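Next up: the structures, one after another.
Two complexes follow with chain A in common, the first pairing it with chain B and the second with chain C.
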Partner chain A sequence: MAKKVPIELTLNGEEKAEFIEGGTTLLTALREKFGDTSVKGGCHQGTCGACTVLVDGELRLSCLTLAETCEGQSVETTGGLSREGLLHPLQRAFLDGFAAQCGFCTPGMIMAAKALLDHTPNPSRNEVVEALSGNICRCTGYEPIINAVLAAASANSHNAT
Partner chain B sequence: MPLSLQTFATVREARAALAGAGTRYLGGGTLAVRASNEGDLSFDTLVRSSDPDLRRIDVSSGEARLGASVTMASIAQHRDLAAIAPAARAIGGPAIRNMATVGGNLFAPTPYGDFAVALLALGAKVDIGTEQMDIDAFLLVRDKIDAIVSGVSFRLPADGAFRFAKASRVKPKGVSVLSIAALIDSDATGTVTGARIALGCMADRPIRAKTAEDLLVGERLTEQGVAKSVAAVSDGVRPPTDPVASEWYRREVLPVHFRRLLLR
Partner chain C sequence: MIRLAKQYFADQRDDDLNQIGLGLQRSDVPGHVTGRTAYFADRNFPRMLHLKMVRSPHHHARIRSIDTSEAEKQPGVARILTHKDVPHNVYTILILIQVGPEDEQVLAADKVRWKGEAVVAVLADSERAASEAAAKVKIDYEVLPAVFDMDEALKPGAPIVNEHHGNNYYTYDSGSHRKVRFGDVEKGFSEADHILEQTYFSSPIEHAPTETTGCIAVPEGNDRFTCYTNTQAMFFTLDNTSIILQMPGHKLHFVGGTVGGGFGGKVDVTVEPIAILAAKLTGRPVSFIYSRQEEMQISSPRAAEKIVIKDGVMKDGRLLARQVTGYTDAGAYSRHSPYGAQKGAAHYPGPYTVPNVWIDTYCVYTNRTPSSAMRGFGVTIADFALEVQMDKLARLIGMDPLEFRFINAYRDGDMKAHRQKTEGAALIECMQEASKAADWPVAEKYLKMSSYGEV
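The block that comes next holds the complex of A and B.
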């Protein structure tokens, strides 16, 4: 029987505690222990970016992060973005701009975009391209995704004035 | 297979734990956790150190020291490391750069390890335990080293002396077809007085292009001045064939990218 280790973290603002098998990745812990299936597992090699989450506000690949190393930290996923039934501006922009086809890359794309907008509210197109450079989409050709991030930034800026 | 993770306050304690069978050091996770995900059964225990010195960046009197756990993102953002920031920014996307460490990059097998290529051109010293090794010697024996790398030190290059290029198929960031780093010292007339040229993806680890270095000294960085060096840059290379590029392709495009780098 594999040894279980305790882990406590904050997931989308809620304190969580679980026992996990040693060596469990954050991706597996989020999906199978904490029930957050908004996070997707793609390549498990750090190549596709589908599993991208924020850990203490910093973009991380959950497939290459051991859950144990996130003890006491704050994890954000797309599962926690909507508030009281209202989509996050990035989710709304992706929906309105048809920035998803199969949708598998979308959670990672949105978290990568969120990390950008959290620090750079009015990014240039090049900054958006750079911010999404670790996330692969095989459907859209990227243009609708880039446009959606720019639209969300514009909407945020409009709402702030 | 379940893994156990052991965290130690000091590098020394972590080093002692690594002496056990089936252990591997955990840095940012981009190599060790990936290996685990891919079914590597050669280790069942990951060891790491939380020593804050491993995350320190010190720059003073023209010298830089990077702790082994310093990430690519930290280097790319550091105001005193602007000269080498392009090499750090060439590593993966933003999430990878938040995770990938200097220490891990030194051990990354081809086609990874672009930052180690930069460190090789810079002539870095590698801190291992209480010893310091030239990076040239370190790279030759890195697979046999049973100590923990705690950091690297190097002299910051003069303005414009360091150049870096990475070619990849997926834009803007992808796995390397090749990477080239060059540290070129010139006198007031623009004549090259010394050169260190490092190549990535031209062997199983970063290597120097020593013939090309020698042929650059005494020349100016003009089309004519670099011609002999460019023609010789492929001497001794043994590029791999992998899903990114064939051995033939890498060998063919190396002089093209090297020439562009020198004439930039």
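The block that comes next holds the complex of A and C.
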């Protein structure tokens, strides 16, 4: 049995503390210790993007990130995006734009899109394609997903003006 | 704006299909976009065990011995299962609809027939402990000659892949293959202006769902077992589990319906029986989830196929005769392939009326990964082959490929080769709309055609 180590981090704005086995990935820690199953494991080898989260605002594959390296950092997941029943513009756009079918890639897609829009509020289509290039979808097809991200960006810029 | 079938056939129907043509929100999407949809693996149970399968490294081998003694001593190991622990170890999923014989092992006993076949199941406190213990299981194999090609497998003297069948093909009530006979195909060929014979091949295709195959089996206080699973075939899986475990169905409670991508890849019965058996023997919850590597290499793909099509066609575009020999590579075990090959037999004329048809389809066994269902299996590759063939035929007689299809499209009342009368055909109307939508003009006479006959 590997040695347990303490970890403290902020998850979707809430402070959390737990003991984890040394070597635990952020994906496993989020799902099994912090109870956030919005984060999905599809390949556990950094190829599918289903486990995408933001750590201190930067896109990270939680299956390749050791939880210990996130000590004191702020982790954001799709599970924390909607507040008081209000969907985030990306969630609304995915819902309205038929951008989800089985839904397994959706949380990772949404976080990869958020990483883009947080830095680049009005991306070009090519920038959206590039930002989602690490996320695999096997049902819906990428067109509605790309269109949903563009629609969310457009909705954001309307709200800002 | 595309005209819908309900408008084309308005005079034929008394229903009120007022939702067709409208967009509707899927009921499960709010859960998907908020991450609240519960997939089977989103559940966590105290004292849960993790199952890791020891698999055959050989395509075909006799098992001389299995030694689990060292693996049992590894830290965290709760139990190790072999074929001796499985009440009804040799099964086949379609036995539920009387398509036998039982030909596949839950855990290999005396032989392995494909690279990746399950032999020993290791249960431990963590995935890591289970993997480390699995690496300590010793299996002594005597490697046997293997066959990977359907033509080779059907030759006399080829290694027999599966003794339960005796031959390297599935035996139907019609013999070594499924047959469709309609009209006089030889007469059709002798009267045709042109003959075209082509052979088409396809490779196995993996579904590659983003969520891998798996389940969690939980022993309940009432002597029942709850199985959280991403199977696409709940009752098929429950009934087969009941047979394999010799356990009445009322002891099994399956919870599913949410699948992270299936495409037919999750209709086989590969994880639930062994996980429930492990839960029964240990009294603890058991999680058995394919790794990504297992999903890509172990889960059944779409079958490889070989399709030989010979057509006789007239200069004016009429298809006169079609002869097809189809081969479906089942891999080492039947699973759904005898059914897939049979579906192909009925399908090969395609949505066309051909007066003379001869079809033979074979379900062939090789030492490859067992193939099974995937999106229209049995007809999808058939459609690829026959539609490419239609294009080639049109080119051969110098006709527009879309107009060629109008001439041969089936109409209501036409008798199909497998003796089903065509009803509710809409191919001509679809092609008329497609012609407009794709800006692929056809002669006026084709736009006046109708599925109820010529107007």
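Note that in this section the second predicted complex is superposed on the first by the 160 of 161 C-alpha atoms of A that agree within 3 Å, B and C clash if a C-alpha of one lies under 4 Å from a C-alpha of the other, contacts with A are read in each partner's own complex, and residues count from 1 in each chain.
Operating definition for what follows: a residue touches a chain if its C-beta (ideal position, glycine included) is under 8 Å from a C-beta of that chain, and two chains touch if they have at least 3 such contacts.
Quick caveat: nothing in here was measured; it's all calculated off a predicted structure.
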Partner chain in contact with A:112 - chain B first, chain C second, else both or neither: first
Touching partner for A:154 - first (chain B), second (chain C), both, neither: neither
Which of chain B and chain C A:124 touches, first, second, both or neither: neither
Which of chain B and chain C A:42 touches, first, second, both or neither: second
Touching partner for A:103 - first (chain B), second (chain C), both, neither: second
Chain B versus chain C as contact partner of A:81, first or second or both or neither: second
Contacts of A:22 with chain B and chain C, given as first, second, both or neither: first
Overlapping contact positions on chain A, where the chain C interface meets the chain B interface: 44-45, 47, 136
Chain B to chain A touching residues, read off their complex: 1-5, 26, 28-30, 33-34, 36-38, 46, 92-96, 98-99, 170, 172-173, 175
Chain C residues within the chain A interface of the complex: 23, 25-26, 28-39, 41-42, 44, 75-76, 207-212, 259-263, 291-292
Chain C contact footprint on chain A (complex, rising order): 1, 31-32, 36-45, 47-48, 50, 77-79, 81-82, 87, 91, 94-95, 98, 100-107, 110, 136-139
Partner chain B, residues of chain A touching it in the complex: 2-3, 5, 21-23, 25, 44-47, 49, 52, 58-61, 63-66, 68-69, 112, 115, 129-136
